[in-house]
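Next come the structures, one after another.
What follows is chain A paired twice: with chain B in the first complex and chain C in the second.
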Partner chain A sequence: MAKFEPQFATALEQQDFNRLNSAAFKVQELRDYGYVVLRVDANTEGAAHALAKLDISVPEPLTMTGSLDSHLVKWIGPSEYGITLPLAQKDAFIKAAKEALQGVFAAVVDNSGGYSFLHISGTQRYEVLSKLALYDLRGQLPLGKVVSTIAAKSGVIVYRVEEESLRLMVRWSFAQHFWNALVKASEEYR
Partner chain B sequence: MKRLAPQAHERIDRSKTYQFTWQGESYYAYAGDTLASALLANGIDVVGRSFKYGRKRGILAAGVEEPNALVTLESGGYEVPNARATEIELYDQLNAKAASGIPSLRFDLRAALKPFHKFMVAGFYYKTFKWPQKLWPHYEHYLRQLAGFSEVPQQADAEHYDHQYQFVDVAVVGGGAAGLSAALTAAQSGASVLVIDERAELGGELSSEFASSAEAQQWFSSTKQALEQMPNVRILKRSTAFALHDFNLLLVIERRQDHVSLKQRNEKQSRQRQHRVRAKQVILATGSHERPLLFANNDLPGVLMASAMRRYLNEFAVLCGDKPVLAGNNDSIYALAEDLVKRAGVKPVVLDMRVGYDASRLIAAGIDVRQGYTILKASGSNRVEQVSIAKVYYDGKLWSASAATETLDCDVVATSGGFNPLVHLDCHTGSKPLFSNALQAFLPACDKPARISAGSVNGHSDWQACVQDGAYAAHQILGRLEKSVAPTTVKPELKLLNVAPFFCPTHQRNKIFIDMQNDVKASDIELAIRENYRSIEHIKRYTAMGFGTDQGKIGNVLGIALAAQLLNRSIPEVGTTTFRPMYTPVTMGALAGEEVGLLFDPQRFTPIHASHVARGAEFEVVGQWMRPWYFPKAIEHLYDAQSAEDLHTAVQRECLAVRNSVGVMDASTLGKIDIQGPDVREFLARVYTNAWAKLAPGKCRYGVMCDENGMIIDDGVTACLSDTHFVMTTTTGGAARIYNHLETWLQTEWPALKVYLTSVTDHWSTTAIVGPKARRVIEKLCSDIDFNAKAFPFMDWREGTVAGVPARVMRISFSGELSYEINVPANYGRYIWEQVMEAGKEFDITPYGTETMHVLRAEKGYIIVGQDTDGSLSPYDANMGWAVSLTKPYPFLGQRALTRSDTVRTDRKQLVGLLPHDAQKVLPEGTQLVNAIEDKAMIGHVTSSYLSPILGRSIAMAVVKAGLSRMGNTIYAKTVGGETIPVTIADSVFYDTAKEKLDGEV
Partner chain C sequence: MFLIRCPYCGEAREEQEFSYAGEAFIQRPPLTCSDEEWGDYLFKRKNIKGVTTEQWLHSAGCRRIFVMERNNVTYEILSIYTFESKRGAA
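Moving on to the complex of A and B:
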């Protein structure tokens, strides 16, 4: 058997990110995050104990708990939470979560490969995104808020953990299309 | 017509002279001019020909309501059809021509048909060209050549467009006195405010007051400055709010570069932008348009609206004529007279239908003011030269004119017949405007939530009242927004312009134009009513009143008033026609925005896409996914020439490679749904037709999914990971629909089932190694799975490490060959594909696309949902009764429907195989089938058809009435081309019926 060296790729790594790298509008694709979907009703028997064990505080609708350093728990829908966490910790987290939730009506699903994780900054970030996104990201996305919405005909999850930037998740298969839309929308600011 | 010496408040910049071309000839004007003011300043009278009669037409208005001055702007990729000269800001080197004139503006064939015009009344085309019926296509051909204005541009648009979503507390439509006042009041409370104004500069009709009122100028300057400095205010100039939808979705088109010369346009910027504004509150300060008086030949060039003449005078320093006659039925006409005296030293003749207005100041200035007079007829050749005037009397209900007339020489006629508040936006959501007798105008009802109107749209006629009304309106809505509100302002009193009731002379009504853009005359309205049209909506459609690009902005209210008079009803009883978006024409580009070309529809890509591109794949779109269709190989020719295989050759090669050796396919696009929970088996049993209670972990099972009517909607393989955890695959195109279908049932009908669904389609990348040598390839990549056929049988899955990556390997097949589908997280998808290609090199592993996949599966009789099924095929129809379990404790979706009388009919269309008698004849898919050569009654159609390389003959799948009981029968395929092809009905499994190939090379 040959010795293998698996190569990790992201959805947009073929793109020239220098095209979207100005003070006005900058996009980075983050390689080092994993994404785990947690389906559980916090009121389900055993859930509270298991979640406490995982150090997960269930967020209120449209909000987040935790941090990107360990695990950022995002409210996606009733009984659905999206957890973004360092990729290196992902497998251990899934293992721990499955153990903690053993016997509880819940689901822990690795969806890390399902998304491109984008960091969007720049003085014109809202101007650019407002050409694509139906949601009022400038006015209705304060720090700590997360929304699932549509941008450039693609389903996206957008949230803010820093003052000057947004984080956006777009499905892998839509990432190229979304990238093309970003390039076009930001053209006048380059 | 001439340009006056510099005026105190003119908009033009005389330091910048622009050259422009009109009808191929060169002219000059100033920056700040509109094309209309530039044409007027250059003495151009005739700017268009009328729609039906080819009559000469001049500029009537100064804004969006202009019906006549339609032009074709520029050419090639920059061509703009039917642009209004009054709205085009002049730029250097602008090139325009009239939008009308057959064959030319100077000579119009339709005008030459003048003797026939009397026959060309409303309904002329309907009545005349219906006989003989068979000639209609010829009539239509010629009539269409006579219709319309600009020709459709032939080249693709050279510019681009975009959309922007805006969210504000308050959107103010209109940047005139009321709008600015409302915006300032709203902004001072801290609310976010968007001001939308269609002109190049704010001010609206207030600008016309600057010349005569320093106070107006000062108020405007300070208000504008204040608004521009407020961070919570955004001002959109050159922007028209063209639609207001429910929940205050306001659509606005911003002309970002239309005013810039072609050479200076910024390619990076959109030409126009559509703003999609969500406003918590909308203030409609849309203003009003003047309407003209009616008289014979009122469409002559040189006859224009009084407010337009005033704007051209004050804003553009253009005097539209030296010998003006001003005629009106309200107080506003006197302001124009005063301005003419002051600015141009011209003394007009003023005709006022009414008596009693105190015009002593004007009379003292030597102006001929005649009250109780109006114009009955205008005359002239290229422009108005004379008017016939007469005394008029009002009896409390109707006007009548004296038979005695007097003729006045003139070179311009400006009229004012009152004002039409711009109620359009308010009416877009269904509100009906209300008629005010005092104002002789329809006012906005504003009866929908979260909106209010202000200013002259409410009937206010003086700018101070508009300012007050704007502030008042803002206070009202700020209260609703719970913003801090300054002491409430008082609703201003209406200062009436004393508009006289409507009057249409009875003489020569066939020369009185109600709707100039569509050549609708007063006599046409009369005719429509004589022919018993009663509803204004019917009258509109019979006469074409209010059609076209101006949508009757000037004429409709006049038409309504005339109809009311003729029908002996009140104007409110007749009512208005329906106001629909768009308020003004919107370019198709602005509607589409950036969603054109590549961005029209998302193209979805698999993680392996770059590898496919590198191998020269041709792609096809499957449910938005770009899937490799086939992988053409290069063909070497003599003299180093190269070409690529065609589809047929490539598919032939790919099919044989899979059947005889090994192929590889990207199967990442299939929908994948992770299903977990203690009730997952029960859930699957309800959504699939077959049984799921006993499927053991490590096993996979094929399932057919039906809707409530028992018709197949999807199929796929589901793997059992554990008793409480399954992964379902769906068809590529059906993934989102099926996910929604499952969630809908789970959430609405079976909430008690403990099941969670998670879409993992994008997480997994799937590489399928297919063919007799598949095992030999995968064994080179994975050592922790025993691939022995007995240890890892068909329809099992295993967890292992493939090329160093944790993977789920499924032994499932869509070709009848030995097949391993390697599922890894998307991040490793391309890597795994390349490893498989490397490992398969020694077996000449062949990548194949969807076309080969289709052939392989058809050889095995496997269906493709959506191709072989069409929503009307039950599992029994598809000969898949083996996949139906009727003994489950809880019936599956659609089970009950399978016993309906129609579903159990024996003559339903059933899925069968077809073998053309000519083994090389490939039936076109969709071809209809008949029982006998001479039959016309169709008994089914071909759903899939291919040339099978392994069988060396053509095969097809088809739905045929009672087909399953007709095996061996000959029927006939009738192609669109008229060919009749005999075929034999056969089993749909054409290849390896004994399933001997499933285990591959042992």
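Moving on to the complex of A and C:
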């Protein structure tokens, strides 16, 4: 049997990002970030101590804490948090988290390969995305807010850490379809 | 199409983000029950026309199940609450 060789490629690695690279609408794939899912109820015994040790402050619903430089903790559900962090720090973080949460009813899962992480900017970004998304991203997504919703029939997590851009995570298996939807929706602005 | 206010997210979201998850508060019978009771538990539903108590799942959002009282004739949503809050109220 042939030896299994893992391929380190993102879902959109083959795409020509120059197609979506105008002042009106620009999409970049951020490949240097990992994604870790942390499932824990902050009220569980021992959880508060472990989270403090990891320098995680638990975000309120639909908000985030931390930053993309160290770790950005996003509220996904009442006991589920999505943590985006630089890829180089990911393994060390998971190790530390597993150690800190030992004995606590919690789970730390590396889901870095599960999502495509996009940076969406440009003057017409909301016009393009409003063709696809159910959520009112222009009106209801201020800085520091995160929503898990549907865009172009795909489950996405959208949030804002900067004034002039959006970060969007789409599932690996939907990334190709979502890319095609973005290309089609932005046709008139290119 | 209606807007549903998710009690966990605290926001009104479009119906497309949710999935219907069946009738709420169905009691599971004890393991000593008869085949008929077990069959009823698995398959028999009230199928009410009017005000129903349903479970809904915020599948594209926080992925939590909550309870919705809804009139399935007029589509009016009467109340939405979590299982935890119901337990607290009882």
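Quick note on the criterion: the second predicted complex is superposed on the first by the 183 of 190 C-alpha atoms of A that agree within 3 Å, B and C clash if a C-alpha of one lies under 4 Å from a C-alpha of the other, contacts with A are read in each partner's own complex, and residues count from 1 in each chain.
We adopt the following convention: a contact is a pair of C-beta atoms (placed from the backbone, for glycine too) under 8 Å apart; a residue touches a chain by one contact, two chains touch by 3 or more.
Quantities reported herein were computed from a predicted structural model and do not represent experimental measurements.
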item	value
First (chain B), second (chain C), both or neither touched by A:Ala11	first
Which superposed partner A:Val146 touches (first chain B, second chain C, both, neither)	neither
Touching partner for A:Ser173 - first (chain B), second (chain C), both, neither	first
Partner chain(s) touched by A:Ile94 [first = chain B, second = chain C, both, neither]	neither
Contacts of A:Leu118 with chain B and chain C, given as first, second, both or neither	neither
Touching partner for A:Val73 - first (chain B), second (chain C), both, neither	neither
Chain B versus chain C as contact partner of A:Leu62, first or second or both or neither	second
Which of chain B and chain C A:Leu182 touches, first, second, both or neither	neither
Partner chain in contact with A:Val27 - chain B first, chain C second, else both or neither	neither
Superposed model, chain A: greater residue contact from chain B or chain C	B
Chain B and chain C contact sites that coincide on chain A, given as residue numbers	134-135, 140
Sites on chain C touched by chain A in the complex	8-11, 13-14, 16-17, 60-64
Residues on chain A engaged by chain C in the complex (per definition of touch)	61-62, 76-78, 80, 134-135, 140, 147-150, 155
Touch list for chain B against partner chain A, complex	162-167, 192, 266, 268-270, 278, 594-595, 598-599, 601-607, 609-610, 625, 669, 674, 676-678, 725, 754, 756, 758-765, 780-781, 783, 803-805, 825-831, 835
Of all residues in chain A, those that touch chain B in their complex	1-2, 4-11, 14, 37, 39, 79, 105-107, 109-115, 127, 130-131, 133-136, 138-140, 152-154, 171-177, 180-181, 184-185, 187-188, 190
